[in-house]
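For clarity, chains are labelled A, B, C and D in written order, and residue numbers in each chain start from 1.
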Amino acid sequence: MTGAAVPTAILGTSGYIGQHFARLLADHPEFAEPILGAGRTSTGRTLGDVWQLAEPPPPSLAERRLVALTPAELSRRGVKLVFSALPSGTAGRLEEAIVRRGISVFSNAADHRMDAGVPLLVPEVNGAHLALAARRARGRGLLVTNPNCSAAGLAVALAPVVPWLRPRAIHVTTYQSLSGAGYPGVPSLAIADNIVPYIPEEEEKLERETSRILGRLRDGRVAGLGVPVVAHCARVATREGHLEAVTLEATRRPTVAEIDGAWRSFDPLARDALPTAPHPPIELRRETDRPQPVRDRWAGSPSRARGMAVVVGRVRWTPPYLRFFVLSHNAVRGGAGGSVLNAELAARRGVLARGPG
Amino acid sequence: MTGAAVPTAILGTSGYIGQHFARLLADHPEFAEPILGAGRTSTGRTLGDVWQLAEPPPPSLAERRLVALTPAELSRRGVKLVFSALPSGTAGRLEEAIVRRGISVFSNAADHRMDAGVPLLVPEVNGAHLALAARRARGRGLLVTNPNCSAAGLAVALAPVVPWLRPRAIHVTTYQSLSGAGYPGVPSLAIADNIVPYIPEEEEKLERETSRILGRLRDGRVAGLGVPVVAHCARVATREGHLEAVTLEATRRPTVAEIDGAWRSFDPLARDALPTAPHPPIELRRETDRPQPVRDRWAGSPSRARGMAVVVGRVRWTPPYLRFFVLSHNAVRGGAGGSVLNAELAARRGVLARGPG
Amino acid sequence: MTGAAVPTAILGTSGYIGQHFARLLADHPEFAEPILGAGRTSTGRTLGDVWQLAEPPPPSLAERRLVALTPAELSRRGVKLVFSALPSGTAGRLEEAIVRRGISVFSNAADHRMDAGVPLLVPEVNGAHLALAARRARGRGLLVTNPNCSAAGLAVALAPVVPWLRPRAIHVTTYQSLSGAGYPGVPSLAIADNIVPYIPEEEEKLERETSRILGRLRDGRVAGLGVPVVAHCARVATREGHLEAVTLEATRRPTVAEIDGAWRSFDPLARDALPTAPHPPIELRRETDRPQPVRDRWAGSPSRARGMAVVVGRVRWTPPYLRFFVLSHNAVRGGAGGSVLNAELAARRGVLARGPG
Amino acid sequence: MTGAAVPTAILGTSGYIGQHFARLLADHPEFAEPILGAGRTSTGRTLGDVWQLAEPPPPSLAERRLVALTPAELSRRGVKLVFSALPSGTAGRLEEAIVRRGISVFSNAADHRMDAGVPLLVPEVNGAHLALAARRARGRGLLVTNPNCSAAGLAVALAPVVPWLRPRAIHVTTYQSLSGAGYPGVPSLAIADNIVPYIPEEEEKLERETSRILGRLRDGRVAGLGVPVVAHCARVATREGHLEAVTLEATRRPTVAEIDGAWRSFDPLARDALPTAPHPPIELRRETDRPQPVRDRWAGSPSRARGMAVVVGRVRWTPPYLRFFVLSHNAVRGGAGGSVLNAELAARRGVLARGPG
């Protein structure tokens, strides 16, 4: 990984997560500028043509054209690293075919997240799960997934405090932003002045993924956390940033200082120098009314890690109940940024280049 | 029209305007409860199943199933009166075929609005234009259109004052609500915390339709107003009600009292007892900050005429410029309600029943 | 209560809840048209002048002037029934002084809600608690409170199912609308495209009031429910209607049919013919994505009871967890409508007229 | 201005514009870090305590305390340059008193904008008007104002094309964002799902200031443009960025290419190297649906000039009417950034240091 950047491609560039991949990879210090893959309706157009994010497209990629990228075409172009923003459902088979060609795939799609041999990775929380992918047969690329947009921030917030509290149950209720549904997403008339208390499959994903991320690797398999995660998921009319109200029913009684300290001292990647890792990964706010989407969704420093920090606030410890709110950027920490960080971790751990070349 | 109600159908019931037709016709005193026509994806479902308006579906129609309605089927069922909420583009031919069967069509679609022989009708403004339709060959049904959602309210607001001011030009800038785009309409991410300063074809429609509605019938044709209408149209994130900022450059100098009086005394349908006609049709507000969508979109009394009144406010007369804001409900005055009122006028004028039967 | 209507007044008419009182009492079949009390900044103005609700002011009261109403003035005018929309904090003393004059007070203020001798009343849930007020010394008026806007709907939704589930804990997370903060309320810049995960004192009120409403009257005192209510409260940018995500951890295992049946058959006021009581009080929705503020906030029939029904949906029974969403109109069921219904119940029970007269 | 940075202060730091001043001056290359002045309710608190912008407070100033700053205190501290975010009405006298002490004031307040001897300055448009200030008596500081938030962007957009079109009239209708009203500003219930077609004094300011900015300096006075500016101003529920629909009735007939070229080649400050000047100052968009608040409000490069560019789009030239939309950031180009740029221009022109020192 030193010297030459890794040849890279994005699949599904024209979508909301795909555009965030393009934004994050446009000038990445370790990965090459990506080839931009897209489906039939977008190939031939430039990234600038299809761009829909509020911020302008990255200048270095704005004029680049989107192309059709089959597994064979990826091989032909010598790509070693693929970021997948394909829609769940169609992503699975294609990602599998790419991996078989010795190309590593870091995917935002849900299809393989619960596969026994595929890490559902959040580097600060379960970096060790990367070993799952590395065990797979030689000649294959890595297949690593990032969690659902509502699970990623929750898992980061829970990781430091779960060992102190040994919860009996974890209750979570979400306030999820419009961008979590991508483009075209939610019709404006469905959500203006409104809340929709249902997101298809979301509660199931949030519950099972949180349990898996926080689970332990034992005998080459992940054993889930073993604590019920009880979720309500709703869509609200904010643009970006998922807010979640969390209650842990604890079986232990640490002090408030111990709980705060667990969050404040949490920085497992402190020494890894991953470009997209925020330090600290959790920002603990003391104000009475934070976190808030408008003010906290872009949390994270250094600047390359904007949107990667998880903001925790309104901590109330009334034993046995620990309550707090957590906010994270659904498309960055909970999407493209998660997979970019996963790839950086794989690169740093030296497992990225296990392909045939 | 006395005694038996007119057999009636709605085309395009599953859409936003179609649902407003269903709401307005569910218990209409003069027209029969409508047969609910719909396209392939909705036939077989009940009105309740497809319902998307904020208010609940009319109880008398909620369990009724949507059916496919070809011109032949309409004849077979003895329908004499059709309200068309078909999408512009596909509406035109079908409406023509229906009219040839002696069935009258009152349409919200744009296709025939500018046809020389088709009235673009706003009863309070140009009721005389109904004669256009009545001139057409015997054996045919009437074909009458209501204007674009942004033109209807503007035309009503202009009608009383144009003769006093003889404007040299009419400038109008719109703040159009989400429901003007129907379902699924504008994606929420495109409009949340945003304004979109473009609505396809809207400025052209607003300009030419306003001119036609305010034009005179001469020798069997409508001569446009002959004054430039200069429009800007933009979409804002309100649910319902189109607000418009209007400036007339006047060539005359009436007093403020004369202008106010023109608006206040305007009620051309005062004696017609049309069920859906609001009295007065224009509500003139004296507050500094009205009209507003949230407070004024349902203006209109009696209760059957809710959403049919046009609200004018912030009148400023700084000669030669008369400025005001006008608000009207895009789906009622500017949509389904407009065509229902048109049909009521035709019935009262005795021209509705000129079909073959 | 037959024959002559009860002389009535509203305190705090110029505020958001006060205006809802005016709306509900303008043509009430059992209570006289209210005298409109207000503080110094509003006295002398008409109700129409201060009106801020989206719907127009009631015609019969729009031109009536707001007046200063001291306890002495209320006595002088022969008022027997007062609805208090005074702000919590200043309400308490004044309400107490009025009651001592033999005038009954139905209050939306928080000050006396937890007083041992004051009912915190939701007629469908704990109508028997009215006895608390009736026990007080003769010569005094009744003092009856309605709950906090977030507690009223929750209590109604819980009442039928708590006996079936015997919950170990009740978790509730709210999505509270802007109008819950009254006027001027939340600054728009604080909430546009945002969520504020904090409402002062709200979680405490929601927890203790829910417990008290669902508690039993024993020996002239209310014993709370004895189950922890664990709340998160947040403000979202909807205009009206509080949505709440509720999880009960059950100790019993009824069937889904039993739970549904408990909600569907719930109508304790079925025979009382109270004008403002909705029948049924709970609307159970089967759609996957209801209740929603825009579509369900005005639930309730007959028309006088609009906004009084509580809408329950997305019921998921995964033992031991029962999850659902509940929506109610914060200013109607959770405010003015609650107190009007309380007064109607007191009138029907014959305890309203226990004053000195 | 070379070597040592100019001692600087902000008045009214705790308000919305004041905070933008703090953000822009926190690490300014030519002016010293500002002393933060504030009114009684905020003195003693830190900038971080009062911070309300979405982005975090500048780290270098977050812990600095707000202080009371009288004219005498400013002198005592050796301040030479004051940025005033005081509310219009109270600003005028205080600014005058400060100037008399030889301290230069760059003000966002309206009080002195129309004074004959005070420049209403937009550097790209009327930099020559700075001479007005320089003529004033020796020993006094400069007093320079920036325009109203709705006038600044409009003036920039008009400057290049007015000479080509020689308009007979300029029509402008605004869609102004919430932040234009500062804190606490518009109550959320007044604007959610709504538009308010009135902003006190706004149309008057927009009309007279636009005329003055585009006017010529003759014999030591500014002669207005001499063309009627006819405005409608309304508030919409966007957070930041004022959008305006503009129509010029032209007396000349340039080609589209000439009009586009006038905008594209406009960069009067190209050689001045002012830190906050955007290059180009006008971004001309060719898309059918731009400018939009969410996507264009932060236009401007280099990064220090973010929010200073004016974005023009939807240009339609249908002689005699030229129509377009223009968007600018109300708090940056139309507020704090405007005055910072004004001060940079004064510094570069060498007139900033004409004080007693």
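Please note the rule applied: a residue touches a chain if its C-beta (ideal position, glycine included) is under 8 Å from a C-beta of that chain, and two chains touch if they have at least 3 such contacts.
Since this is a predicted model, take the numbers as computed values, not measurements.
> Between B-C and A-C, flag the pair that has more C-beta pairs in contact.
A-C
> What chain lies farthest away from chain D once each centre is taken as the mean of the Cα atoms?
If we average the C-alpha coordinates per chain, C ends up farthest from chain D.
> Give, as an integer number of Å, the spacing between the C-alpha centres of chain B and chain A.
49
> At what distance in angstrom does the C-alpha mean of chain C lie from that of chain B?
Taking the mean C-alpha position of each chain, the two centres sit 40 Å apart.
> Return the distance between the CA-based centres of chain A and chain C, expressed in whole Å.
About 43 Å separates the centre of chain A from that of chain C.
> Using the touch definition from the top, which residues of chain D touch two or more other chains?
Expected reply: 192-193, 237-239, 294-295.
> Quick check: in the complex, which residue numbers of chain C touch chain D?
Checking each residue of chain C against chain D gives 16, 52, 178-179, 183-193, 237-239.
> Looking at the complex, which residues from chain C come into contact with chain A?
For chain C paired with chain A, touching residues are 169, 171, 173, 175, 192-198, 228, 230, 232, 234, 236-239, 243, 245, 247, 249, 288-295, 313-314, 321, 323, 325.
> Show which residues of chain B lie in contact with chain C when the two form their complex.
Contacts found on chain B: 54-56, 192-193, 239, 294-295, 298.
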